[in-house]
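In the two assemblies presented below, subunit A is common to both, partnered first by subunit B and then by subunit C.
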Partner chain A sequence: MKDVTKNACHLCAPLGASLVYKGIKNCVTILHGSQGCATYIRRYMIGHYREPVDIASSSFTEHTAVFGGQENLLKSIENVIQTYDPDIIGIATTCLSETIGDDISMIIKEYQKRNMERTRPVILYTSTPSYRGTHVTGFFKTIHDVVTQTSKQAVTNAGQINIFNGLFSPAEIRVIRTIVSDFSLFPVIFPDYSDTLDGGSWNQYHPVPPGGTSLKKLSSCGNSAASIDFSFCQKDELSAGMFLKEKFDIPCFKNAYPIGIELCDNFFKTLSTLSQKPVPEIYTQQRERLIDAYVDSHKYLYGQKAVVFGEENLVYSICTFLAETGINVVCAATGGPAGSISGLKLNDYFNQTSILEDCDYEDIEEWVIHNETDILIGSSRGNKIAKLSGKPLIRCGFPIHDRIGASRQEFLGYNGTHNLFDQITNTIIERMQNSMPANYATM
Partner chain B sequence: MENRTLLKEREKHILIKESFNTEINCDKPTLAGSVSQRACVFCGSRVVLYPIADAVHLVHGPIGCAAYTWDIRGSLSSGPELHRLSFSTDLTENEVIHGGEKKLSAALDNLISTYRPKAAFVYSTCIVGIIGDDVDAICKKLSSRYGIPVISVDSVGFQGTKKDGYAAACNSLFKLIGTGSTANIPKHSINIMGEFNLAGEAWIIKEYYRKIGIHVVSTMTGDGRIEEICRAHGASLNIVQCSGSMMQLARLMEEKYGIPYIRVSYFGLEDVALSLYSVADFFEDNPVIKQNARQLVFEEITKQQKEMEFYKSKLKGKKAAIYVGGAFKAFSLIKSLRSLGISVVLAGSQTGNAEDYKTLRELCDPGTIIIDDANPAELSKFILQKKTDLFIGGVKERPMAMKLGIGFCDHNHERQIPLAGFEGNLNFAKEICSSLLSPVWKFTKSREGGAI
Partner chain C sequence: MSNNKKITTEEVKEEILAKYPPKVARKRDKSFVINEPGSGQEIQANIRTVPGIITQRGCTYAGCKGVVLGPTRDIVNITHGPIGCGFYSWLTRRNQTLPEKESDENYMAYCFSTDMQDENIVFGGEKKLREAIQEAYDLFHPKAIAIFSTCPVGLIGDDVHAVSREMKEKFGDCNVFGFSCEGYRGVSQSAGHHIANNQIFKHVVGTDDTIKTTKKFRINLLGEYNIGGDAFELERIFERLGVELVATYSGNSTIDSFANSHTADLNLVMCHRSINYMAEMMQTKYGIPWMKVNFIGAKATAKSLRKMALYFEDPALSAEVEKLITEELPLVEKEVAEIKKRTAGKTAMLFVGGSRAHHYQELFKELDMRIIAAGYEFAHRDDYEGRDVLPNVKVDADSRNIEELKVEKDSSRYKERASEKKLEELKKSNPEFQNYIGMMPEMESGTLVIDDISHYESEILIKKYQPDIFCAGIKEKYAIQKSGVPLKQLHSYDYGGPYAGFKGAVNFYKEIDRMVNTKIWSLIAPPWKKDPEIDAQYISA
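Moving on, here comes the complex of A and B:
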């Protein structure tokens, strides 16, 4: 345990919860705590997605902290209903409300008692004190908690499968939907903020932007034939798919984010097994093109030293992918807990990968200063290290606060991998070109 | 949509100029569930002290508060950049149960011995207010161990509003003031307060004062240095820009050290000129200062006249909405926009007080909507209703305006372009033009574009 965290490589759990709630149709988030939590998280998400993000707060005062948050939370629910008229209110706790010991399920019962005649909104909640876990665990826990509160089982629907997303970009969620649908499967995709956090222009204000997984879809999770759950680096207790497996005996496939040939193959094979259909030609062609690109670029990439940092699942998948290309992952770093990327197996040529878990950006900076590196891959928070070391930074993951287009970043699937691959390769080529005395016209 | 209405309890926070005889409801805790644009007490303290570049700023609490405030202000430093680092005790469950004092002490040991700062600020967050760590005692202990000021900032998130955070920051600064030597401070000297050196604005302002013959003892807190703050009591006058955050400190200094203060603003030609003149008037014993100020204002205005005429010709008749943190900035913005031919149809602030809103009412045109501690539902409703062309606000308001096809100018603390001073005035006009004159709006839905 460190004495002090310097430039944290993780955020707090309520941010993860807020992101998941943005992926539910007509849902408004209430963070039960101080006004600042909601405002900071809004600001942080707006900086990345560049879309309106409304998050309500129960706005604790000293009185609330002393006498408990029940009245403030009930008042927030009323005010959110009046302003937003949502189908769902998603409540997430904060360190403050957890520490004073507010019992949210009791408060929700009190709400229901006072409003017997109301059929909507449905109130969901999750416990996300910021002293426990990170935004990543908060994200997966909220998926898990929403599914435990909404899923019912009736009749198994053979063609329906659950896709429990990781921290994907809106564009990536759209890609996953297309892929799964191309296998003639009917996916319940959750969370789905592909529209709510990446929409078009409006002629009227949408207090709750259109899009998201509907409550009806969520409750049908229990009828699905299987779940694919991308909480790969997380413990099973944070997996919605594992919950459904235990409760309704629905098979669960915990997949890593599909980046690179091997991890994409795993995902496509799972879909092929579930649909009992071969991988559609469009994807086998994408796969061939990706392999062709690996071959075309192998000489530029072999032995290039990459440092990868960010949330554990993304780091795991990107490192696995990079190892396929001959790039030497010299350092894999995550703010996720100890053990979260310990399963990482890289290729045999380079066995000097440093694994930094539960680390902060200061650790990564130290590492980069004292070791040889060619390229950095991670969130825009690595910009300080990039500037200091003079190494290029490929921005991916969350947050990306200093570039446009974070919502459109698409690195999943064969084509998505190809996007990332070309970006990395061209960055490396550009560096080589610039470092050569002759300004070569061909590289 | 028809089931959605604005909140009844918020009605008294909104005024429309025709009905100005009623008082606005302001200076109150935020209504729960109203989606306020405000942050918390911690935020108030953090933003005010943040630009002090040779101190370490340690956030005592779980990780969120430190992570969300890492390097978020565009406050520049001419030397050390400790302020751009984010330090947190990153309290976990175990410490919440057993107390965070040991970790806090270890964190300070680590930071002070690693970075050798001139001081350390320790910000208390919500959790600390509950678990009751004795932060003051630890700060005292560490202060005597290292021989530097280690200051406990009482910024527990829920204990008030952002304004109380400003007050806590002022109290912290006040502890430093008076501890340094005032030797060699000339008579015609000032402290610049409530100026945070966003995009180098403090440097612009300081250069004006240098030119007219006034010595700046300290800037609080832009490009701030502990040593300068410690000797701030040697100045003859305090000039307060961001009055919402710094008035309390100015009053405390007047009380204890007898230093008078004046409120100024560096946004818009009129206010920049007025500010320089009022400072010059204070030092009337040296008439050269006033002459210099006149000369400076004349030169600077002449320099940009032609270009400004061009912008004015493009901007005339446009309508703007303003939503800012402190109301004092809104006053300048209204005047500055008016000089560009732009009328203000909505003006609001997160933390204005009764006196601020009184001034705002006097400044605004008939029909203007004045709003306190607004939320997105209210802002979006009124900017559409008023057919606004331009919104001036911060990051949280940006996507709302842009979604609705409304031009935007970021006047908050993340900007990279100086908007203060004479050159800032030019930048402001240029930035507004670059948003309003952009051809992209014709495709947006609210401008009847969009469909194929």
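Moving on, here comes the complex of A and C:
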């Protein structure tokens, strides 16, 4: 690891935790640490989703930092209950509370001891020091920790399956729900921030925005017939599906984000197997259309050089998809840890792909300056590289704060892939068009 | 406009406080004032936010690195800590900068961090910090490197000051200095402002004595951070007046301008909260008087320029100021006369900053709009009640925690700019000469003044009053707009601006006109909800 990180390609773990808690129904998050953590993370998530994000803080003082955060956390739980009356409080730690070694499970026990008569809210917690991992590991760890704390097993419900999401957009969560339901399966989708982070205008005041996975649904995870878990590039210890497999013997399918024919096929095949139903006609048609588009556009895309950057799971899936189209991924970069994408044999698809792991945007910029590139695919933070190199940037992933529509970005499934595909193709065509001395109107 | 006129302000306050546990309610009560100018009301401010109450406030680090030091383009700012803090403060404050030449140093687009990992927390991060400074130095050879401490740094005992000193000595040609601005250290970003002021004053101000221009009037503009290009508009105005802007703290600034800023003759203070320390210290050490100004609002701008001219007692300068005002103010007034027809009588609430909630009232007044509630996010009592209360402000543990520099006259650099007699006269003619009168005296009787408003409280205010516009920041924006009230961001300006000076005022009028008169809100209820007949037809079909 280098000494100075210049323009990091990852964020901190408590942000991932906050995102997961936004996917629980009537849940308020408390970050245990300095109030700046809550403010910064709210500010950053709101910039991307353009929706209210309410995160409370235990607001450490110097005194708290020295003598421990128990009383502050207990006070914040009490105040959140009084003002928001949530069903669930989700607590995540920060570097501050972790450095002084606060034991959250002990503090929660103390809370329960002091409030024996209370039946709600349920208090969940996760440990997310920002000096360990990234926002991506924080995200998956929180899903894992919530499921370990809430899931119970009673009777297996043959039609119910768990979907443990990756870092999807609200629109993509809706797509996943539709797809799974079209197989006549009943999904427990977690986290589900499809409404909380992409809601409409309100007719009435809501202390906590409506939407999210309910506690009842969460506790029924143990009754599901199977889990599909999108923590594909993560270690099994961060997988909620793998936890349920070990604890309740529920089969777990670790799928990559379904982008492109191959990865969508995997997902749909899994659903078909689980439901014992053929893939609905509507999706085979979508698939055919996508392939048809691949064929039509191959002349523009073949040999185009793409640099893809962002969180490891998204990078892996986009690279796999681009390989199908004829685009050559010349550089795949992630701020995720070493081994997160290099183990996935991207070079089976491409002759020579530079893989940068645990990298920052300066490493990517350096790479782009010294190598030939046609197109950049990644978050808004690639803007500086795009400006400097004059290459177009297709925005995807997190954060997207310089364009609207991050919540509605939909790149999953055959149709979602088609959206991404059209965007990429049109961007490349536009470049060709603009670089031709004799301009032309039709393709 | 209030939907429910029967509800009194007292009742609203009561209803809001009723939701809190008794102890919290008692505490919030003191920060919740129904304004009665001239009655000597006290407001509780700069007190810790109650844990669990969702606040607008940020942390000490944010105030230090993000606000005060962020806008200076040629200092390499390294965040010492895990990655989050550096990332979240990376180009998120929209302070603009414009290097004179393309080859000039500009590190604004960078976010440097030591990205501390587990092992740095366990074994200490000084080694990594030292190597990070070295790497940054080798890469850029900057004039200065600044180190900002995040929460864990103070706890594990890394000495950022010692490392900075060591590296400064080692390089010889690069000023390296550190800030103990751990997030938990103060009540809000305000503590970070103070720490930033102290360290710039200690390490930078007064290190370059050369007088670089021959202009007669040389001033500093303090507390102007060039959000949305405000400083550019003010630079234009001073340029026209022939007044030399030695340094702006810190919009569109360079470290060299700070080093030289003790040679100016007057400090104009915009954001009193974030920079009054610097004004006071420069006065004590170098003899530079200061005055509070406000360049938000066209009339306020004219007034502030006149105050400045009065200080210099120069007929030519006064004539220039009058000439500028006669040329520019009528154009602004023509614009506002037209827009006012659509904004007059509408209501606004402002909850932002340590100055903006006050300054922006001027612009709303020019639009004939009424302010029904206002408050600061991180201000102190003097920003509300005026500096006269300073002797009565209790010094609590949190304030003691922030170093008060002991400043003395600099034997060689101190220069008396104005005689005692002149200073006294100026104080008489200008109540804001070396003084700030605060926000509350300038607000109407019966309006609400709330310090550190919580997320919950602001939502209740919206529900009760449905103001025509609410001014705050991005964290509040979408929550407020969900309820059908437009929110103007006064941190980032919603990517608009500039709003300062004469040209800025016109931009703001147009923006508010757009926001309070949009048709979008009328579309919220679908026709089948609005028209019962359609509803009935649908059911019968």
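We adopt the following convention: the second predicted complex is superposed on the first by the 432 of 443 C-alpha atoms of A that agree within 3 Å, B and C clash if a C-alpha of one lies under 4 Å from a C-alpha of the other, contacts with A are read in each partner's own complex, and residues count from 1 in each chain.
By definition in this document, a residue touches a chain if its C-beta (ideal position, glycine included) is under 8 Å from a C-beta of that chain, and two chains touch if they have at least 3 such contacts.
In this text, all values refer to a predicted model and were calculated from it rather than measured experimentally.
**Q** Putting subunit B and subunit C on the same copy of subunit A, do they fit or clash?
**A** After superposition on subunit A, which the two structures share, subunit B runs into subunit C.
**Q** What is the contact status of A:S275 with respect to subunit B (first) and subunit C (second): first, second, both, or neither?
**A** neither
**Q** For A:T83 in the superposed arrangement: first (subunit B), second (subunit C), both or neither?
**A** Touch status of A:T83: both partners.
**Q** Regarding the shared-chain residue A:D54, is it in contact with subunit B (first), subunit C (second), both, or neither?
**A** both
**Q** Can you list the residues of subunit A that touch subunit B in one structure and subunit C in the other?
**A** 2-8, 10-12, 14-15, 30, 33-44, 46-47, 50-62, 64-65, 72-73, 75-80, 82-84, 94-96, 99-100, 129-132, 134, 199, 201-203, 205, 207, 384
**Q** In the complex, go through subunit A and note every residue touching subunit C.
**A** 1-8, 10-12, 14-15, 30, 33-44, 46-47, 50-65, 72-73, 75-80, 82-84, 94-96, 99-100, 129-132, 134, 199, 201-203, 205-207, 209, 384
**Q** Sort out for me which residues of subunit B touch subunit A in the complex.
**A** Touch list, subunit B to subunit A: 1, 3-7, 9, 29-43, 58, 61-71, 84-93, 95-96, 103, 106-107, 109-111, 126-127, 129-131, 157-161, 375-377, 380-381, 384, 395-396, 398-400, 403-405, 443-446, 449-450.
**Q** Using the touch rule from the top, collect the residues of subunit A that touch subunit B in their complex.
**A** 2-8, 10-12, 14-15, 30, 33-44, 46-47, 50-62, 64-65, 72-73, 75-80, 82-85, 94-96, 99-100, 129-132, 134, 199-205, 207, 362, 381, 384
**Q** Considering only the defined contacts, which subunit C positions touch subunit A in the complex?
**A** Counting only subunit C, the residues touching subunit A are 19-21, 24, 48-62, 78, 81-90, 92, 109-118, 120-121, 128, 131-136, 150-152, 154-156, 182-185, 188, 397-398, 401, 454-456, 459, 463, 473-475, 477-479, 481-484, 524-525.
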